[in-house]
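Before any comments, here is the structure.
First chain written, first letter: the chains are A, B, C, D and E, and each begins at residue 1.
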């Protein structure tokens, strides 16, 4: 049987048990480093039982994890889907077992989630596009796109956002655009090196989908003596990305606070687990399922050399890194120069 | 050379075969006659096994013709040859070590009931054939051939070849690893096969065995036919001379010194 | 050499009257068991070591987490293991010949994409779409087989090339970052629905009865033909053991196993189980009782000997790759059924390595000539048990990697150590 | 059987006076070339087929993109190929024994992590840190070797377990999603810096002279001992060809190859090239001229025969895995040097399959007993050329997958077809 | 039995060996005396090769003692045995097909200059040894052994064993695949080795060869020692009886009927 509705049979918060399934450890540092501790802290504070797992990017494993969590008696299940179809299947299964679900960070199209909590991924791409444009200034430029994994829907959304901004500028010419399988940094370096060679070194800007890919491009530019002269974008505000910004080899990165998102999830989960409705900021249209999903949408922040001093505090507060991680060795001086203090 | 005993069953004409730089067979003519045992003799490395494998279709010929029952035939592989009714016991045996004795004996020609293998019939037939070859120490025909002794393996290979109704049987040093009694049985079997009208080829380094059963003797010397004569026209010593020197009296290769591999 | 009938290990050749039949049989069975012990010591282990490894895993996980042995989790395990078991079963055919198929995983993904598209875009029914998927799989296998057999390119390289090229199929058909829903009633139902309890019982009984009839018929036939045979009592014992396992599992899975049984009812054998069992029985039959199967073993054991015996070695290779890719298609469909979708990455992860590992742990040799369909299933269960058990324990992901590796090694060691004497018996 | 000296294929055994020396030598060389042609037709191909495959690839890519043959891109290719060549070179040792090491890629990643941490957290100098990385690699190989040799677990399963477990190391040490900067002057410089032009010329000359001296010395020694030997002219020809290649490449790479030559100067041989060449020469020496190498081939060819000859087969296996993992460590460091960082996923992708593919395309057998260090380098170049050329063409992802597979198949076919006769020569 | 000719060089006492259910060797006593050729005879599957492999350390013993030069020794593998100075030619030859003739002959005991292999010396020594064994058709000692004929392979295996200064040499059917001249050379070699004071064991199914060179004859019957007597005390027929029936007159196993494998 399926679709027996999402009516929870939960009682008070003390009986609630929240299951969270995170997607992978590859696409971003945040899941294990930021989300997990933030979620744990929030759940502990609320006094609910929880079970947080990571699927290592494997949809089958995600389904298996969902099954064992349902078997383990979770009263609400939050997932970061690897793609809508598998997410919907999991939610169908959960619904069949009478467990309500929450979409975390990624909307499951055609799913049955009770709430959706996320950053806007297209907006991330837009920030990247705007950042690159700013670094390039007004002149005509050849740009290269280094997109995320072709099998990752988020990568598609990032690229969509970036194109939305940059395609509007007629002075920019795309001289190469490649998706990097599995976000693999070494492949990214090779791919970029070849795009660079094909363009005969006439590359003025690189739209890299995250800091890892950006770093790969920078390493190639370094070999060609162009690092710092060609702006490169990024995402996730990783140590690598922040350091590159300080060193002047990277133009910008996009920061999405996981703590904020995690806290929103914890709140919603606890509410739903206790049979209440989650407090939402609006709805998002599920184009496939044709329903309006109650949502909490958060805004990403762009970090560049200009605002790094102000924004980096929020990054540190997020818990995935400290001052000492970023400002080690030769970066200590750069930090001081940029006005970042411990 | 003497008059031929009827038309040959199988005949090779002017066959040449090289492996890269090594020219192993030079213009070899070879014939097998029905009802006769032809002994193929020659020194180590003379090319006997290579000739057998050419006949078997395992090696292609570089040149030369292949005739069967008087007509030229196209031979592209072992299957064509076994379709002609030619059975071969190879010197290197070629058994599947992971299969048992019965499986090996019937390999490629399994008995079936419908599409299901008829293991029971095969097992019975295998026992009968092995027993007729004086094997006493094989414990079970379901034993894998990897665990057999050298002689037991050879017996299985021989049994595999004589299980079928064929027209020509070639045995490449079949008794090399056999005990006294088993050798006796194989020599008797060779004689019996010829008496049933088959053409039999026996390769052996043992002159006593050769003279006991052979009707004709073909001697190879460095890949060339040194002689092809009825056994009764030759003495023990002449054969040894042909094998080791390529000549004996007025028999043999004219220009021995020029022969190289 | 004796006449075959009164086999050295006994046989009921001396029926000394009704009264002593029992004790006579008991003696024979004891002899047979002693011989089995000897066989074990001699290194002929069958799938026993892998089963041992499985038992060890079960014991460990059961002691670490109390939910592990619940029927709900056991049913999960069956469903999770299905696609790897099927993939491994297909790989056994290729491994039997000493070849490898690195592309089987992605071939499964590509075929599942075809199946999904046939249903979604063309509205085909599930069986037509499934057939289309399997046909595409078989064609992929045909292409690989032709290249390996006739061009003589090592299968490692050919299938590495296919591994790459086939990733393009779903990527092109689905589009980067997309995914296709796999929600056909029947196909999706394979993973989330169960055989109705009554039907389950009927099928279980039919299986047991068929096995019993076959065993007894074979026994009497061999006795009649005076061939070596097992004592009757042992045959009966075997039937009893099988009956106990099959009926026991059926009983277990027929109970409601839902975690919240009051609200919801989950009972019956998951549909994938009969699918896997049917494939297992079919391929076991093909491998052990048909000429084709015999020839596969022969080619794997000694290709030259097989060629000399008139076996068309090239055709055997092609057939093995066709079967492997066809099974990969089924495996891909089962995986899609399990996750409810197909996406461009399907089958591209470590599935293939795991499946080969499953076959090897089950007792199949990578060098050809040794392997059975049941190896794949037992090995597949071992491989599937590891993430199942670990998933319950909820550790950081690096610990999962570490423990998965360690546990795999443990399971393989049990296998290897008990199998060792095979080689120490020499040659 | 003749006395060995006046070999059948000639030898300068009839020096009929100075005047005719030239024509005599020419005759001998013709004989030698005919023999070489025969050897080729007989299936003994050496690395010629892989080189042919490489030539085909070069021709195709050069015709499709005009930047492909620029010295800048050729230098790119050398740098991109380095880590896979080194990985494949290590794998050759394991493959020689008929084993496999699925963990080599991630072992490289783990070792590079250790090296990076030693430099970053403990401030070790580059060579101490590199040594630490290689030592860890060797220890990993030791563990694998012990398990394979003494427990008898199939290497596929052991290394599959290590493949999983070793992914935990960087994940734990770096943290999920993080990365470590790999910006040591020397190590990072391997990929982005070049040997000073003068030094490059000196080294190139030394190599050529050393080769010439060795060849001539060996030739005269064999002539003196009356053993079979090549004609002197052929030896001289070989020296000339090597000199042309080495000096030619040096000349090419000594020019400024920067795409924007006015602003920036890139000239000289990339540092990785001498590293790879040194490893190649060293391991070729070990494999062909030492007892250890000879024993490796023997164990791979027939382990039982080697055991009977008193070779400690287990110790050889362990040594092979140690070398393989040690080389994997070097490969991991080269990869880190290329991207300037180490991240948890390093080495976990398809690197390993590509490296094995490289060795196989180069002519190494997966079944043991056949393989050389140069195979790995030639095969590695083939494998690295594909993404290098494709990368210039800038196609959609799925086309890249498709074409990579297709081109790999093409390169392998050239290889296989020209190598075919080996098997048609029988047995 | 007659008086022993001095102390045995190598002696096995009450050795048993089973493969799973198959009990191949039963309480076998076997001795090799210096300066004597001991012929080990027996039917196919009698256990001769198994005994040789037990002596070689390839198979472990299930029970029984191993003595060398009068003292018990612990033998754990082929290396221990070759360290004692025992060389063996196996019936299944055991050559590495991917290596050439020289490599195979020196396998495990390569000559070196420093750490570099001394291929030149090895090549010269290999030629000399092969020539002394009457091999005429081997074209180059750098040929891979996979391309050799059956007899050539056997010659390489024999050459490999006699290349070293050893105390005991065991040859398991060394002449099975050899031609007339090569067999002659090997038999002469066997005699010469014994005359140099080595203990030599020859396994053969050819009674003429056995009686030509053997000083003692040990007969195995179904894994049991049926007789161990000086060759001169036996006739051709007696030996055949011992081999095939386990008894001959008052020699042999008392209760033959009870002997099974």
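Going forward, a residue touches a chain if its C-beta (ideal position, glycine included) is under 8 Å from a C-beta of that chain, and two chains touch if they have at least 3 such contacts.
What you are looking at is a predicted structure, and each value in this text was computed from that prediction instead of being measured.
Student: So which chains are sitting against subunit B and subunit D at once?
Tutor: Intersection of subunit B and subunit D contact lists gives C, E.
Student: Centre-to-centre on C-alpha atoms, which chain is most distant from subunit E?
Tutor: A
Student: Can you work out the whole-Å distance between the CA centroids of subunit A and subunit C?
Tutor: Once rounded, the distance between the two centres reads 40 Å.
Student: Let me have the rounded angstrom distance from the C-alpha centre of subunit B over to the C-alpha centre of subunit C, please.
Tutor: Each chain reduced to its C-alpha mean, subunit B and subunit C end up 44 Å apart.
Student: Roughly how far is subunit A from subunit B, going centre to centre by Cα mean, in whole Å?
Tutor: 75
Student: What is the distance in Å between the mean C-alpha positions of subunit A and subunit E?
Tutor: 74
Student: Multi-chain contacts only, two chains or more: what residues does subunit C have there?
Tutor: 8, 171, 176, 304, 397, 427
Student: Would you pick out the residues of subunit E that each touch at least 2 other chains?
Tutor: 19, 58, 92, 135-139, 147
Student: Of all the residues in subunit A, which ones touch at least 2 other chains?
Tutor: 25, 32, 150, 179 - these are the residues of subunit A that touch more than one other chain.
Student: Residues of subunit D touching subunit E in their complex?
Tutor: 1, 3-4, 7-8, 221-222, 225, 227-228, 289-291, 294-295, 297-298, 300-302, 304-312, 369-370, 427
Student: Which residues of subunit B touch subunit E in their complex?
Tutor: Contact set of subunit B toward subunit E: 19, 22, 42-46, 48-50, 91-92, 135-139, 147-152, 154-155, 173, 176-183, 205-207, 222, 240, 243-244, 261.
Student: Which residues of subunit A touch subunit C once you look at their complex with the stated criterion?
Tutor: 2, 4, 9, 25, 32, 51-54, 56-65, 67-68, 70-73, 82-86, 88-90, 92-93, 96-98, 110, 150-157, 179
Student: How about subunit D: which of its residues touch subunit A in the complex?
Tutor: Checking each residue of subunit D against subunit A gives 65, 67, 70, 72-73, 76, 79-80, 120, 171, 175-179, 181, 191-192, 258-260, 263-264, 266, 335, 338-341, 343-346, 349, 351, 387-388, 390-394, 397-398, 400.
Student: Residue numbers of subunit E touching subunit D in their complex, please.
Tutor: 56, 58, 77-79, 82-83, 88, 90, 94-99, 103, 107-110, 112, 115-117, 120, 123-124, 127, 130-131, 135-142, 146-147
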